[in-house]
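Per-chain residue numbering starts at 1, and chain names A, B, C, D, E, F, G, H, I and J are given in the order in which the chains are listed.
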Amino acid sequence: MGNVHSFEDIGKKIGRDEVYVAAIFYGQAKPSKEELEKLSAVLNLPESHLKEELGESYYPDRGGLISTVPTDPLLYRLYEIIQVFGYPLKAIIHEKFGDGIMSAIDFSAKVEKVENPKGDRVKITLDGKFLPYNKW
Amino acid sequence: MGNVHSFEDIGKKIGRDEVYVAAIFYGQAKPSKEELEKLSAVLNLPESHLKEELGESYYPDRGGLISTVPTDPLLYRLYEIIQVFGYPLKAIIHEKFGDGIMSAIDFSAKVEKVENPKGDRVKITLDGKFLPYNKW
Amino acid sequence: MGNVHSFEDIGKKIGRDEVYVAAIFYGQAKPSKEELEKLSAVLNLPESHLKEELGESYYPDRGGLISTVPTDPLLYRLYEIIQVFGYPLKAIIHEKFGDGIMSAIDFSAKVEKVENPKGDRVKITLDGKFLPYNKW
Amino acid sequence: MGNVHSFEDIGKKIGRDEVYVAAIFYGQAKPSKEELEKLSAVLNLPESHLKEELGESYYPDRGGLISTVPTDPLLYRLYEIIQVFGYPLKAIIHEKFGDGIMSAIDFSAKVEKVENPKGDRVKITLDGKFLPYNKW
Amino acid sequence: MGNVHSFEDIGKKIGRDEVYVAAIFYGQAKPSKEELEKLSAVLNLPESHLKEELGESYYPDRGGLISTVPTDPLLYRLYEIIQVFGYPLKAIIHEKFGDGIMSAIDFSAKVEKVENPKGDRVKITLDGKFLPYNKW
Amino acid sequence: MGNVHSFEDIGKKIGRDEVYVAAIFYGQAKPSKEELEKLSAVLNLPESHLKEELGESYYPDRGGLISTVPTDPLLYRLYEIIQVFGYPLKAIIHEKFGDGIMSAIDFSAKVEKVENPKGDRVKITLDGKFLPYNKW
Amino acid sequence: MGNVHSFEDIGKKIGRDEVYVAAIFYGQAKPSKEELEKLSAVLNLPESHLKEELGESYYPDRGGLISTVPTDPLLYRLYEIIQVFGYPLKAIIHEKFGDGIMSAIDFSAKVEKVENPKGDRVKITLDGKFLPYNKW
Amino acid sequence: MGNVHSFEDIGKKIGRDEVYVAAIFYGQAKPSKEELEKLSAVLNLPESHLKEELGESYYPDRGGLISTVPTDPLLYRLYEIIQVFGYPLKAIIHEKFGDGIMSAIDFSAKVEKVENPKGDRVKITLDGKFLPYNKW
Amino acid sequence: MGNVHSFEDIGKKIGRDEVYVAAIFYGQAKPSKEELEKLSAVLNLPESHLKEELGESYYPDRGGLISTVPTDPLLYRLYEIIQVFGYPLKAIIHEKFGDGIMSAIDFSAKVEKVENPKGDRVKITLDGKFLPYNKW
Amino acid sequence: MGNVHSFEDIGKKIGRDEVYVAAIFYGQAKPSKEELEKLSAVLNLPESHLKEELGESYYPDRGGLISTVPTDPLLYRLYEIIQVFGYPLKAIIHEKFGDGIMSAIDFSAKVEKVENPKGDRVKITLDGKFLPYNKW
């Protein structure tokens, strides 16, 4: 499939970000009815087939593709960023927002290529709603 | 210390990003001689004391503050993003850059607060050099 | 301390639920300035002392008191409920709410004693905001 | 199956709570003879077929569907509640009941949707018999 | 202490089984007020001292003395019995009692020495209430 | 099979305890030639078939059916007994027998149902030879 | 395959080091279009077949062939070298290069046989770009 | 100490490679009597003091400084090399030497800095005796 | 196979120790060309078949048959011997040989049955070359 | 201590094997009253002191000195022997003795140095009673 349709292509055609589209293909996001219709058109697959697999009653069992510590070097670097910069990030988020977290649900992730004569750079933007801790 | 100097304050005074400053305090970055001098001025600590602890021959033993899977909810959300969106991010990076990784060494991380009437948002930008795999 | 002040007592005096109060004492919740003032009055401790430890710049490093699988039988039963009834609960939440999660941040927990001639019953109510997954 | 029969529907038809019904389908509860008869009627499946699989001599090997720390975000939030609020809940249960545990066997779990203009809320009620520790 | 008072001695004097007495000393059982009074008499320790440590508001944090798989050979043999005979025991309990478990809370354990010319035998009796699974 | 022959029935017919019989079926005990002959008669299976699978050169690879910490609640309670009462049992065995262990090889396990108006009780008897540590 | 083509042979024919060639076969390196063409010639396999499996959109999911601690003695020795000499190597790299790492991406590995009357020696050369830590 | 004596300096003075010297300081190598004498001279420490700690009856308990998977990025890259290139290295060693391993005991490791206009390179040479598997 | 040929028989016929023969069958030793020829004769299997599977380019991926801590009681006892007597053995080996290890490669293992009126004894002899640590 | 008394010396003086003596010092064996008396004489330590620590009521909590997989190379080689030769040893023990295990309790271990012009050899003899599995 990758040969024919890049995630970027599919994303443009169904009006979603490429990371989100990849998340559907890795079973990490639930496509809406509209998205399934568009996907069936783009991929030239019967809509009924997609809906059977990924339809209304399908709710992804997220995670689980990666072992506790990922071994793939690209994925490990993301894990290493948490190991090394996790507490610094936590400290700054608390400093800016107070007690709470960045949501990983009301969340989006983007990847950009930033050209640079010393070597292009990968820019990943994580954008999540701040959720303050409740008191009761 | 936090009461007196925020990481943001210190960062402004020594000319470094707040996340990077926090990384020094968590033992995850090696301060340069110049940074130590500035830190000693900002924190009103004897330079000799800082240099003894964090001087030329000090090289951080990075990571290890966090258990394999972090338990703090703020840190866990970062881990969850890898569990859920790790492979989608990998797929898009390969699509855009080819075979290689985002460096976690030639790397920076920033935190921004994006005000939003539905709830402010945390924006984390990860920016690392793309390193293509070598062939030999 | 427990001999003198039950969490229930403290909760009533500072206007917070007993579970929330216990969470402060176990380092799992960040007390507000007002809560610290009330706690210092209730516990007859100098406010300055509490604020130094638990004041503005204190943000709990949550979790970590319990090993990956808890060994204490009371705590293990809570873990077992996830092992046994986790997927059924997930299925019903999705059936009722669609794709998303119950927040553990915009969240409260209560414990009630329900008297019963066959043996009193523990009733734990977990109440968290439903967070629908974002699309982008 | 989910498309046709929701757990809520099946539960109403066989006179059991939807969480309990889901537990049967996930192999976490043993259906009684009467429940099997009703299920065969509701699902339009031959009774003999169900009894062969789930009949008298079938005793579920419970748990094991979830890795030690669940990766699915909905399930992880339940785990996080134990990590963060486990000891506070233990303290309050002991304060109210003395030395013992909440049973996970003489137990029920319910899910309710509580509508709320700021966002609907998931309410999970865990109800287990208090079991005092024996002395001998 | 062991030199002076065996658990058997203490048990006889306070009217409890020796295993239960040892459980108090290993922090795995909560002594009642009466037991503390008797223990203070037997051990010739000030009652106030014992009550401060083990009094009303003390609830043991059970387990945790043993790593996940015990290394001490005596303890490992108990673990091995579960590895080897766990499923056979489960099958027979279900055959005799139906769907449920043996309680480890409404529970007692005894150790007896059975003399035998071919080598004395250790007889451990585990006695727990059968708890049938609830339906709801 | 369970529908037709209970382990109790088979045990009576081949002159072995039901727990031992279940151990054969779970691949945790090596049946003797005589036991295989009796089993083939009881189960109405060709003797040659059983002997091919379970014959002279078959030696069980014991354990391994259960994860390190069992998740099934019935099996977990047995594990919990070791976590909570393991050291007390060790202490009492040493007090009664000196330095050594209870064998899990020269060993038997029995399950009895003890009727009780407050709820029937499961009685498990573990009976193993005491093995004193060698000196050399 | 090994019988017919050694990695050394293939490497010579496609102009790559034998370790790199083996990495392709173990799914740990992405072959370029040119390499695939040469491989198809050397192995006498249809180019279309190789490209379907290992073509443009194929990006290896690296690692994962080895358990966390390798059990094969040859592989374990490599792991042991990190356990025993890891910190000494880190110290010397920092002494020579300052704060940073040896890249495992801009990297090559070679194996040489060094004949020696006391027993031939394996010489492994690891050659990676030094990456200094970024400041920001 | 690092400020005053680099491992390179000490190595030159006592006639040993710097990696080996660092291994002594990390408790991963046993210094000989002659090495202790030289070390005491170089470090200006009383020989008796060093010999008490590191003398004849001292045998290092090697390893254990690093968790199963190292978290420090420099050390992790070494681990990653095994994860990614472990099997390729094994294949080539077998191709060149037959069945056996590279010794990690009759072994040395060196670090060199190779200057390069595109970025200096770290060259690590691992040199171990080939040990063929015994037959008996 | 075991019914027909014991490892002892095969060993006698091909001139190798029975433990070594078993190691071949468990994929833990590489048979030589001569051994394959003899095995094909003894087992009455076509030589070509054996050579295809176990021939020149076959190098065992050793270990991995046993989980980190073995569960089979016979295998666990070997593991327990390391847990209990590992450091004593290390101490004595260093006392007798100095700094180094017993090779597990230039190694053999034998099993003998020593008849004894109090119960026959298993005698396992491990015989490995002493490898002194290198200095460099 | 090691400087003054080798385990071999102490063993000769108290009439025990050196491995057994080391086991006492590592807290892995319980010394008898007579052994304590002899040890106090040999080590020139007050008998009362030794008996307080290691006297009648002392029962070692065996194991636990070594992590699950040992990192020290000498200890790891013993572990590797189980990983590689564990099943072959099990097969031969069953072939020679039938169904059962080698005891690690009624057990002794010896270390011998076997001189050899190609390199001295370590010979470890493990000698344990065969324990046949019980039937009941």
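The rule is simple: contacts are C-beta pairs under 8 Å (C-beta built on N, C-alpha and C of every residue); 3 or more make two chains touch, one makes a residue touch a chain.
Every value quoted in this text rests on a predicted model; they were computed, and no experiment measured them.
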Over-half contact-pair match to B-H, picked out of the listed pairs D-F, F-J or H-I: D-F
Selected interface, I-J versus D-F, where C-beta contact pairs are more numerous: I-J
Chain centre separation (chain C, chain J; CA means) in Å: 49
Distance between chain centroids, defined by C-alpha means - chain C, chain D (Å): 21
In chain C, residues with contacts to at least two other chains: 19-20, 62-64, 68-73, 76, 80, 83-84, 90-91, 94, 100-101, 103-107, 131
Chains that touch, pairwise: A-B, A-C, A-D, A-G, A-H, B-C, B-D, B-G, B-H, C-D, C-E, C-F, D-E, D-F, E-F, E-I, E-J, F-I, F-J, G-H, G-I, G-J, H-I, H-J, I-J
Touching residues (chain side chain B, partner chain D) in the complex: 69, 71, 73, 76, 80, 83-84
Chain I - residues contacting chain H, complex: 16-17, 19-20, 29-30, 32, 35, 59-60, 90-91, 94, 99-101, 103, 105-108, 110, 131-136
Sites on chain I touched by chain J in the complex: 6-8, 18-20, 22-23, 25-26, 28, 62-66, 68-70, 72-75, 77-97, 100-104, 106-107, 109, 111, 113-114, 116, 118-131
Complex interface listing, chain G residues touching chain A: 55-58, 61-64, 68, 104-105
Residue ranges of chain H in contact with chain B within the complex: 1-3, 67, 69-73, 76
